[in-house]
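Naming follows writing order (A, B and C), and every chain is counted from residue 1.
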């Protein structure tokens, strides 16, 4: 069970109610009234707790689980131990997400403007906001309703933030427009100067960075991630795109809708990323290139050319993923052959 | 046009005045008195706006631009549409930087010491500084003239900062000496302990980190970049060197003058980098090695040996860039041959 | 000598006292009463200063050093210049660490609760703590004795911190339990949401992150490093593990005791790292895998499969390090052969 100092639990729920909420079928109708008090991982769940199986690496844990119920894909029904209540769905992870949200509803911030926050008089704060001690809201800033601005966050002049947004402690926002339901985690840096200059041995000449950062609705920006503002055009993070921690987004980058970038990846200036693109951890995308809709980029790869829609690329420099796998297989064969010849 | 909530525009300027300021020649003297109100990218500029062509990827945009004027290299004159006023120069990007600076002068901070900043009484602040709310200036700190310290930045005891410096929100400075005209962006970490210890299974033994960080004049340190202080010697960032975001500089590293490091690159402890070295994004340089003046390091490469002056290295481990290109070409040929044989 | 504005020096010490403190033997008993005033690197030390030789790259500096004394391995005795006092030990770097600690004792913070810190009334602060201006201690927080919380750090509700801990400026702690003698550097992010969601083109579904971060005794967490809290299980950093700067630790990761991770490395969600594992700079470890006790991972490698205890892996994807070296050697031979054939 989650530490109740940090997390407030709801429930209990009976299985039929959970099934409705999470879009799953009860496998055995006799289980419909069984009561569940919590969600828990397969290897720690008890008889009144609900778990889930999504990643096949955990089939063993599923077979041995002491959970009372489990959310699973139809293909795993035959592996269930007798007595385990099953909620069956094509997307167990999504259903688990919704079950966990049932027990632990995403909480609205308790409205309160701390007397220790500094809010410039010509800024505008919406209804039911929570603004914590040490937060700085500069002149001309507009903040929507039900926003939560944590301690020591800094929102610079004329920034606009929509409704239902979260800005974590020590995050800094400048030269940017933020949509609704955007979550910006601790220490994220939004809107600072892009890295634009004309280099020369006798001194680099700074190019004024005259664009903004636009973050559309429903985005997440991870802790200590940096999004530089545009040099003229804006830098844009499209609707529903989620960035993990410690990511670098260069100036003028356009990211489409619903993309996912894993930790420590980066995109150099002026590149364009389509919709629903997945970028693995520590991957890098060069500047001035285009990544098509639905493309996938393997973690740690380095992409230096355009990727057509829907393809998966890996390697340094990045190539279609099958080609990259053949390269690595070939290399390991070659060194075995090399040893034989010796 | 840049968002006028964030950016104040100057001008208009006639072409001859711009030509003087940016070191370019007017191609057709009849254009000398044409008036320009702003700078803008090729694909969005209008008839009273000035654009530029530097990267050949944008030649198409140049051919179709509706800009009134454009800064270009002599080799592109023949591609210009009739009526387009041309400012011709060998370095269009530098000239564009100067034109943008004409329209959007780099602004001096409005002098003001916030009553919500905490400035210890035995620190010293120069003339015409701007120190914002929540900034902490500790005991013994010396800050020069015309510095801008943003909200919630922390400058620890006895740090010295020169004239005309910028320290972004939530940046932290300790055990360091900062030159003139240095820009330290949001969340940068300067001067914390280097990662020095003698490891052992029964507990690592900490090596006291007794050096400082020296940042010479005219440097830029990007957002969330970390520069550890030396272990005995100082860590040094040479004059005019620019670091992008999320970079790691280990203890005792010496970087020369005019270097450029792109985002998420890193240098391990005690390595020495010459003058005017370029290091690509996500590249890594091992500890205790030397990189010669004018060397270039390809993004994502891993350098584990010294690089002589002027050479370009790429790959993991890094080799001369031609060799690395041959390696990747060879690999892609091999897998094609492999397929044929099958 | 270390800058005395930043560092307070102890001593002088005679060689026999230093030998006792650092676990080394005096090579020539006649040197026992020689007095030393400071530690210093080989190339800058003077006749009253003590230096050390650990990395063989610095043998030349050792031969030419003007230091009065030097800590060395027995194998280097024959290289010493006449008159150089020698402290001989099997672990010169550890002995140097202890010598430097003798001259520059790790300082306890001067107890003081700043009137400009915000400490919620229902939190609990131990004895002899130093809590600086702008620090935020939220409701229900418990902090042990002799802790040092720097300016503008934020400790969120119900977090517990043990005795003798350091929390650097602008670091943020939430949903976490911190042991004793833990050092968390500037801008580190501990306890924010893990990157957990079920992705879909019509919107990602957030998985509530219901675990905590547990940091055991004697850990170091580097500047701007991020440790996400667990999704259900906790994220755990084992006793005595040291993380460098800009590291990403995903949710549910378990790291054992005494591990070392160099800068900009990362571990994806739910992976398990054994005891005393070394991970090089910019290395990445995929999610849901296991790294055995005592394994070593070469910098910049990408590990996608389990590593048995004690082995060293390198490359992308990671393979046993000898295999990786053969791969890179093979490639460089192939391109030479390729040239000959042409």
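Everything below uses one rule, namely that a residue touches a chain if its C-beta (ideal position, glycine included) is under 8 Å from a C-beta of that chain, and two chains touch if they have at least 3 such contacts.
Not measured: the values here are computed from a predicted model.
Asker: On C-alpha atoms only, rotate subunit A onto subunit B and read off the angle in steps of 5 degrees.
Answerer: Angle of rotation between the two copies: 120 degrees.
Asker: Between subunit A and subunit C, two touching copies, which fits better, same or different residues at the interface, with half of the numbers shared as the threshold?
Answerer: Since fewer than half of the residue numbers are used by both chains, the interface counts as different.
Asker: What's the distance between the Cα centroids of subunit A and subunit C, rounded to whole Å?
Answerer: Inter-chain centre distance comes to 28 Å.
Asker: Among all residues of subunit C, which ones touch two or more of the remaining chains?
Answerer: Residues 134, 152, 170, 187, 224, 246, 264, 282, 316, 331, 334 of subunit C touch two or more partner chains.
Asker: Going by the contact rule set out above, which residues of subunit C touch subunit B in the complex?
Answerer: 2-3, 5-7, 39-41, 44, 55, 57, 91, 93-94, 96-98, 100-101, 103-104, 106, 116, 132-134, 150-152, 168-170, 183, 185-187, 218, 222-224, 240, 242, 244-246, 258, 260, 262-264, 275-276, 278, 281-282, 299-300, 316, 328, 331-332, 334-335, 338-339
Asker: Hey, which residues of subunit B end up touching subunit C in the complex?
Answerer: Going through subunit B, the ones touching subunit C are 118, 134, 136, 138, 140, 152, 154, 156-158, 170, 172, 174-175, 187, 189, 192-193, 195-208, 210-212, 224, 226, 228, 232-233, 246, 248, 250, 264, 266, 268, 282, 284, 286, 288, 302, 316-317, 319, 323, 326-327, 330-331, 334.
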